[in-house]
Amino acid sequence: MENEILDGKFKVKTPVFEGPFGLLLRLIEERKLFINDVSLASVTEDYISYVNSIEDMPRDEIASFISIASTLILIKSKSLLPGLTLLEEEEKDIKNLEDRLKLYKLYSELAIYVKNNFGKNIIFPALESKKSVLVFLPDERITKENMMLLAQELINKIPKKVFLPKVEVKKVVSIEEMIDRLTERIHKSLNMNFKEFAGVGITKEEKVTVIVSFLAMLELVRVGVVHVIQENNFEDIIINKREEITEEVISVIEE
Amino acid sequence: MQLESKIEAVLFFRNESTSIKKLSEILKVSKEEIGEALISLKQKYVDRGIVLIQKEDEVMLGTASEFGDLIEELQKEELNKDLSKASLETLSIILYKNGASRADIDYIRGVNSSFTLRALSVRGLVEKVSDENDSRRFIYKPTFELLSFLGVHSIEELPEYFETFNNLNKIKENIEEPAKEKDSNEI
Amino acid sequence: MQLESKIEAVLFFRNESTSIKKLSEILKVSKEEIGEALISLKQKYVDRGIVLIQKEDEVMLGTASEFGDLIEELQKEELNKDLSKASLETLSIILYKNGASRADIDYIRGVNSSFTLRALSVRGLVEKVSDENDSRRFIYKPTFELLSFLGVHSIEELPEYFETFNNLNKIKENIEEPAKEKDSNEI
């Protein structure tokens, strides 16, 4: 069943337009993982580089992708840095993301039934009877003025072309801002200046590189390639062999 | 068995008197088979609210005559009911666009207008005609009676007609674009 | 006995969805009696050309879904059977939750659904109604048109309908409901 909706539509690396959950679900299912914090952390880089590669997408759509990206980065950072304390709101976002994704998966699978049955065996109502008595029964409210006012009211009621989802736009406006915010956020709680290590991002691409390098560095810390000393949560992190690390990290990113 | 049910479905849907010849064409069986099926169908309708009425070669479904009073009351009620705001809105679109398809009206109102159109037709305010350009489409037009009730000889005499007509026609373009973009990209 | 036939006559004549309340007013019997008569009427329609479809406390008559192809050929107006991926997702939420607010739908889909909802409303597949529990909120519900297009007599006939409730409860145990803020973008 699942393959039907996946087949053709969600092919790997195809720049198909889809919502953030469709993309996330695809990345997780490609890896044959269940939906949880571990699998979400493992698809974070792919998700971010996909979002970074999107062009020609309406602003409100991009906003919904970015809002999810920032939650993913938090999940990733948390999984790599157990010492990182999250705000209550951040914890809530993380917990909700998992649940929302499960709900999305459930409904997108049910959507297959809708797709398969829609228009297949239609139940038709009877046509309008043609023999009905021909009468003319107007209403005193049908006047030239009322008709004009109603038509003009309809014209004014028409929604404007672009809808901006208020909530999500308020949270994040661009991927640059999101990354700035998170960099600042993680930097503060770790008291570590990784700008020195990964360079200062100015353009959108550079900023994305900063965060991706940072995540990659943390990954290396986790697997023990790099030795990081952090005495206390809020003290400086001392990274050993800084020169070499930079090269290693760069080669990881390039892969 | 099956044939009776098929006839029943066809008659119910068409909701008008239908010849046995027409039924035999639609269902691709002989007129004799239709005739036999009609006999057993009639028996099924004994003591029901719907009856099968046959007049020579023509058949149709109707309400049982014993409920005549009930139906008459319903008919009166339908005609005396006040027109809803939705119906009046729909009527204003039909007037100011000088005839509109259901799809046009639905687009402008943002909701489906089947029932409101029906209420307007029943009262003789609008009439449904085939679109000259596309026979599969229907256009709802104001009736002559409606125009004379409004005291105009032609649609153009309605207040601010040309401006409103243009604005209504612009709406469709505005709404259609983003909706289409979404559909084609997401499939 | 008689009551069933009367209901049948009323539904056939009105040719539109009718609430149980309305039927009880027209026929001057209690809603419970109407409910019972509807159950036996439904049984009479087994293996026939006409079916009774029910949505919450509204009912209407239609042609049996197994003759869908046959009737479709008689249908002159063009039917739109295309649904975008966004529409499919939105419909499955509205169907399997039996009504959902725009905030619910946006929350589950992770994207803004305004345009999709408008397009579905225009096609008459969903309708916007006031929330019974909170009149400031709106809920999008499945329409008869949607059930008819899916060929089901009631929403419970959808595949996996009851199983979905169980699955949902499993997920819901620890879920945060979406912020209940007023839909400012509501159309």
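Think of it as A, B and C in the order they're written, each chain with its own count starting at 1.
In this text, a residue touches a chain if its C-beta (ideal position, glycine included) is under 8 Å from a C-beta of that chain, and two chains touch if they have at least 3 such contacts.
Given the structure is predicted, the values throughout are model-derived calculations rather than measurements.
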{"item": "Chain whose average C-alpha position is farthest from chain A's own", "value": "B"}
{"item": "Chain occupying the middle, per Cα centroid", "value": "C"}
{"item": "Interchain centroid distance [CA atoms averaged], chain A/chain C, Å", "value": "31"}
{"item": "Rounded Å distance between chain B and chain C, as computed from the means of their C-alpha atoms", "value": "21"}
{"item": "Approximate Å spacing (C-alpha centroids) for the pair chain A, chain B", "value": "45"}
{"item": "Shared-contact residues (touching 2 or more other chains) in chain C", "value": "12, 15-16, 61, 63-64, 71, 85-86, 115, 118, 187"}
{"item": "For chain A, residues that touch 2 or more chains besides their own", "value": "9, 18, 124, 126, 128-129, 159"}
{"item": "Residues of chain A that touch chain B when the two form their complex", "value": "9, 17-18, 58, 124, 126-139, 141-148, 150-155, 158-159, 161-162"}
{"item": "In the complex with chain C, residue positions of chain B that touch it", "value": "1, 4-15, 26-27, 44, 47-50, 61, 63-64, 67, 70-71, 73-75, 106-107, 110-112, 114-115, 118, 136-138, 175, 178-179, 182-184, 186-187"}
{"item": "Touching residues (chain side chain C, partner chain A) in the complex", "value": "12, 15-16, 51, 53, 60-66, 68-69, 71-72, 75, 79, 81, 83, 85-86, 88-89, 91-93, 95-96, 106-112, 114-115, 118, 144, 147-153, 158-160, 164, 167-168, 171, 174-176, 179, 181, 184-185, 187"}
{"item": "Chain A residues within the chain C interface of the complex", "value": "9, 18-22, 60-61, 64, 68, 92, 95-96, 99-100, 102-104, 106-108, 110-111, 113-115, 117-126, 128-129, 159, 163-168"}
